[in-house]
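The following pair of complexes shares a single chain, subunit A, combined with subunit B in the former and subunit C in the latter.
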Partner chain A sequence: MSAGPAPRGASQHAPGTTHREEGQQARTGAVALSPAGPSSPPGRGARLTLTVLRGSRRFGGPVAGVAVGVLLVLLLQGNGFTSTLLLDMLVYAIAAMSLDFLGGYAGLISLGQAGLLGVSAYGVAIAEVHFFSPWAAVGIGLGAVLALGLVMGIAAVRTKGVSFVIITLALGQVLWGLAFQWVGLSEGDNGIPLTILPSLGPFDLNDPLTLRMTVLIVFAVVALLLVTIVHSPFGLSLRGVRSNETRLAALGYRTGLHRYLAWVIAVFFTGVAGVLYIFVNQLISPATMAFSEDGLLVIMVVLGGLGSIWGPALGAVVIVLFQQELSIYVTRWQTLMGLTLIAVVLFSPGGLWGVVRAAGRRRDALIARLEARQARPAGPGQSGAA
Partner chain B sequence: MQQFIAQTLNGLTLAGIIFLVSSGFTLVFGVMRVTNLSHGAVYLLGGYIGYSVITATHNFFYGLVAGALAVGVLGLILERTLITWLGGREMAELLATLGLIYVLDDISLAIWGGTPLTINLPGVLGRSVTLPISGIVYPNTRLFILGVSIVVALGLYLLLRRTRVGAIIRAGVDDREMVGALGINVRLVFTLVFTLGAALAGFAGVLGGTVLGVYTGGDSDILLFALAVVIIGGLGSFEGAIVGSLIIGLAETYGTAYFQAVAYSIVFIPVIVILLVKPEGLLGKVTR
Partner chain C sequence: MTAGPDRAGPGQPARPGPAALAADHLCRRFRGLTAVADVSLQVAPGARFGIIGPNGAGKTTLFNLLSGELRPTSGSVALFGRDITALRPYSRVALGLGRTFQITRIFSDLTVLENLTLALHGLSRSKLSLLRPWRSYRAMTAEAAGLAASFGLAQRLGAAASDLSHGEVRELEVLLALALKPKVLLLDEPAAGLSPAERVDIQTLLTSLPAELTLIMIEHDIDVLRGVVDSVAVLHLGALVVQGSMRDIQNDERVRELYLGSSHSRSSGIAPPRGAGATPEASPPTEPGQATEASPPEASPPEASPPPGAASPDEGDGP
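Then we have the complex of A and B:
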């Protein structure tokens, strides 16, 4: 009798003794009641289904990711409305993902993110107005938002929960107010246009196709970085700080520092989204930083699914689509959006990604059931069949 | 000097309107722990309803009462449905009321359009008066608003300090589980406070419509003032709302008059100072 862990999928050997298989044996009882009947051996169809399901569990995510990536590359080739829409979606997806990192993993939902997005965009535009080179302007934009994040964080992460929301809202509005009223610096309501984008040899962001591919690549890099951070030890302890701060503090974790770092990371990536925003739109005005925009980012995150990184990207896609496309057909789309947020909060706190996750759980349950059926002592003809 | 006095009076008027909005917000938070982000949208809706009733009846006071009553009823319905369904989950309540902003604003836009509206006060209230000593000519409307907000503040103070209901509300701010354990119907108190808060916002919406106007986006302006007030005064503190309103009202008015470029942001300087020095607010209790 082998005592070692049986490899996944090696269920055709003699009745095993590992824990996993015992569990599956126990669940077989339930399967036996299914219409298929206890005597029917697992057919070719069932085995094929199982293989497909297992494959989707192991490779589904990466394959879907690559497929979406290829689709995006193809769609972004054109100069038409579609690629403009997609670029907006990608930019807001970056902002939504970084807000989700802050809200979903550190438990700090910020209602001032649109303001921070505006800071880096304004940083780039204002630097160019003052005759800095385009690359220097990008550095100034990112540097400005990072410096601001480092300072704001000192005040902001002293609080959490509802107070944090209110404080970030207030700080975000300060930024909006400056953009709106400090006409000498920000040109006020008219905003500042950006005429020249950075270029380096053959790599020229003024070329629309290069710009579109760059946005796509930056999106992918930010997404993968955030996912990596989330699954790193830092990401895990961050979740610990969110769910039981006292305990983590007692264990010797510097909980305040965790929140501060999470805030700075999120602010920086929001700044990256801001730089891309002005590259894509070539104009930044206070409207981008208004309170309703702060709210839209939060709606993207909650609709997509708080604490899932990919979900909020999906949320950004849906909201931008709503805002720019469906608003032509649905006059009262804002009402619809507000009601959708309320409905998500009430009935589906996991958001869209929660639906995807539920489907994944159902698949895993199905795999377990099929495995259990195969693991059952098979009929005489079946034993030994590889 | 004359200008400074006039600006101070303007600031006090604004403080009065901000107080009416923020007192409701802070009471609702204090008693129910509900962060009602749609409070500003409710204020704006009250202003719009008041405008329509005044246009129809040609009587300002009907409009004032109608604005307060209509959004009071809305508050009652919201408390009995949405807020109850959410079952006290603070962040869920905050997010749901965020969604409510878009709904209420969009409905207001659909009915009243995007053109800014102004409410005019009737008769002598719409004229100006020459103030004694300084000789400033000052609009009666603002003096009226100032007077009404002082009266309402006094009324609320007496309600909270001198009546049984007020004692229950104050006890609710301190320890709502204990209030429930004493056999008091906390549900009823919640409904009452939420309705009162909404009605105050609607009342302020009609009053504010005279000097600030009723316009799309007016809701987020006033909400932010209210939030600044509760950060300064302390979330849940009625007296804090008075102090905070005075600070914000005056800071905003002086800022607009003397520091045009940073007027809006100057309001938040006291907010940031308070956050760094006394995060629970001037009169707030240490949050749980």
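Then we have the complex of A and C:
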């Protein structure tokens, strides 16, 4: 299949079958499809390829998204291990995407995200222990993390680079220390169980299926919001902050404000992940906020691809798989995880999503080549495809 | 003192209204080292003003004081009569003060189009818009494309800024500043590191700027200024040594000493070497008379001029 490989990776899903047929047609008919054959004349096969490639450029992303969504809805119907695993992935994907929003766009890598995730989870649990209604508890959890983000942001965004990493690391450790040692509030190492989830009429999160679908919907909303934001002028300004902050200030941007807003947005969405975390696990303990969890979140982002939003979601899928599935069969799963990370960083600096992007670029280059060939007057070998 | 009879244009009445940009007794010390010493100058609206000086003369530090990257140790800066000494760089930009950097500062991770769009959003409220794609701001992207085309970057809109040639990068640097439609533009060695041909391109670009724009330009090399600016101030060891029209400067003994060293024979009547594409007779873009004046510093410059490049650490990248 000479024509297939390059476009396949990019289009991923639905157009795949068309490609295969296409490839066969190319082999039986002319060699025109081979991207390496610049001298071959344009035939019907080439025109068809071009149409398919253009289609995949235009609709590939949405089609892949809908396909993954449908697949997730189907997989989440069951009560089994798969559902538990997927929920874990979705929750951590939200946290990883918000960390990527901060790190990959504004250039602020935070090592305190697990601590912030814990704050909203503890907020919900503690509020319920103190007899607040489940909905009020959700409000208190999100309010707590947002307030903390607003206050901490004032200090955090005054620093950049390594200093920012250290400040957020310190913040995360303080939060973990509080959860661990403030036994009167947090029950210490035992953690706090959550027994009743919010419900509103027929919409009852205590029903496992409703909960699973809610997590999926929240994930989709957060992902789309983040993708929208990174493509807005504000998102562009964050990339400018990361690329050259002094220059951005000389263009009239109040760069500190932009970094602050990015931080608050990321903290809030991490808080959303925390609320879902306690809904799914129905227990929050200091272990969730430990330093190793901060590290895992950063690994998810780097493995998936810094600065791509979807990549870190993919990274979360892989890491949770390693953690929960591979660990059943392999005792030294962490060694394998480390080796995987090294391999990805070495061979695809853009992470897993970098592979997808590279495939997209190859496809665009192929489209450009085919277009250029069609623009030329058709050669005498036209009959080849027929 | 800062006001005074118009030296550059004899016979012309002093222009009414405040100067476009005025520095008043600006000083900046870095741990005992005085990088800018009591500099006072006034640049009239629409002027083309050059600042030259050997390496380490404090040119970039002076620029950083004017644009707000650095705070002065003492003294003040005024833009169209308004004291802006306490304002941060982004606030000065909003008042119409743009600048470029000697060490090129573009957004190398972004494409040319993204670079220019970012600049165009700089003074608009839309820079904080979260939910609308930046590509959907058609007016902005069209303007960005127009800017790029005005400078021969039209074919490079989609290219990553890190892939541009050095000359293209310098052009983009100037375009970023122009995108904000500044009233006063500070150019920090726009021709640094360019080939002779690229220098001519930059000079062409600079002479084609709108006449109402006030241009203040640092240059290490006097040839680049020729034909672009109509008056020049010479900075040495942080102090203004002399200031006047281009021709005056070229014939000034002290300037020649600064550039050629004190051992240079005083009898020699040769003007400093000429640039590739410029002639000294080339008419400046604006009338010389409307331009500028700067007061010679109260503190007289040191008599013994050490060889160029002797002194301060401030040149180049600000903090």
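In the analysis below, the second predicted complex is superposed on the first by the 331 of 386 C-alpha atoms of A that agree within 3 Å, B and C clash if a C-alpha of one lies under 4 Å from a C-alpha of the other, contacts with A are read in each partner's own complex, and residues count from 1 in each chain.
The rule is short, and it goes like this: a residue touches a chain if its C-beta (ideal position, glycine included) is under 8 Å from a C-beta of that chain, and two chains touch if they have at least 3 such contacts.
From a predicted model like this one, the values you see are computed outputs, not experimental measurements.
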Room on subunit A for both subunit B and subunit C (clash or fit): fit
If touched residues of subunit A are counted for subunit B and for subunit C, the larger one: B
Which superposed partner A:332 touches (first subunit B, second subunit C, both, neither): first
First, second, both or neither for A:117, with subunit B first and subunit C second: neither
Which of subunit B and subunit C A:266 touches, first, second, both or neither: neither
First (subunit B), second (subunit C), both or neither touched by A:302: first
Subunit B versus subunit C as contact partner of A:240, first or second or both or neither: second
Touching partner for A:342 - first (subunit B), second (subunit C), both, neither: first
Partner chain in contact with A:181 - subunit B first, subunit C second, else both or neither: first
Smallest separation of CA atoms, subunit C relative to subunit B, angstrom: 7
Residues of subunit A that lie at the interface with subunit B and also at the interface with subunit C: none
Subunit A to subunit B touching residues, read off their complex: 109, 111, 154-155, 158-159, 161-163, 165-167, 169-171, 173-174, 176-178, 180-184, 290-292, 295, 298-299, 302, 331-332, 334-335, 337-342, 345-346, 349
Residue ranges of subunit C touching subunit A (in the complex, touch as defined): 67, 69, 88-90, 93-94, 98-99, 101, 105-110, 114, 117-119, 121-123, 126-135, 137, 176-177, 179-180
Subunit B residues within the subunit A interface of the complex: 33, 35, 82, 85-86, 90-92, 94-96, 98-107, 109-110, 220, 223-224, 227-228, 230-231, 235, 260-265, 267-268, 271-272, 275-276, 279, 287
In the complex, subunit A residues that touch subunit C: 228-229, 231-237, 239-240, 242-244, 246-255, 258, 261
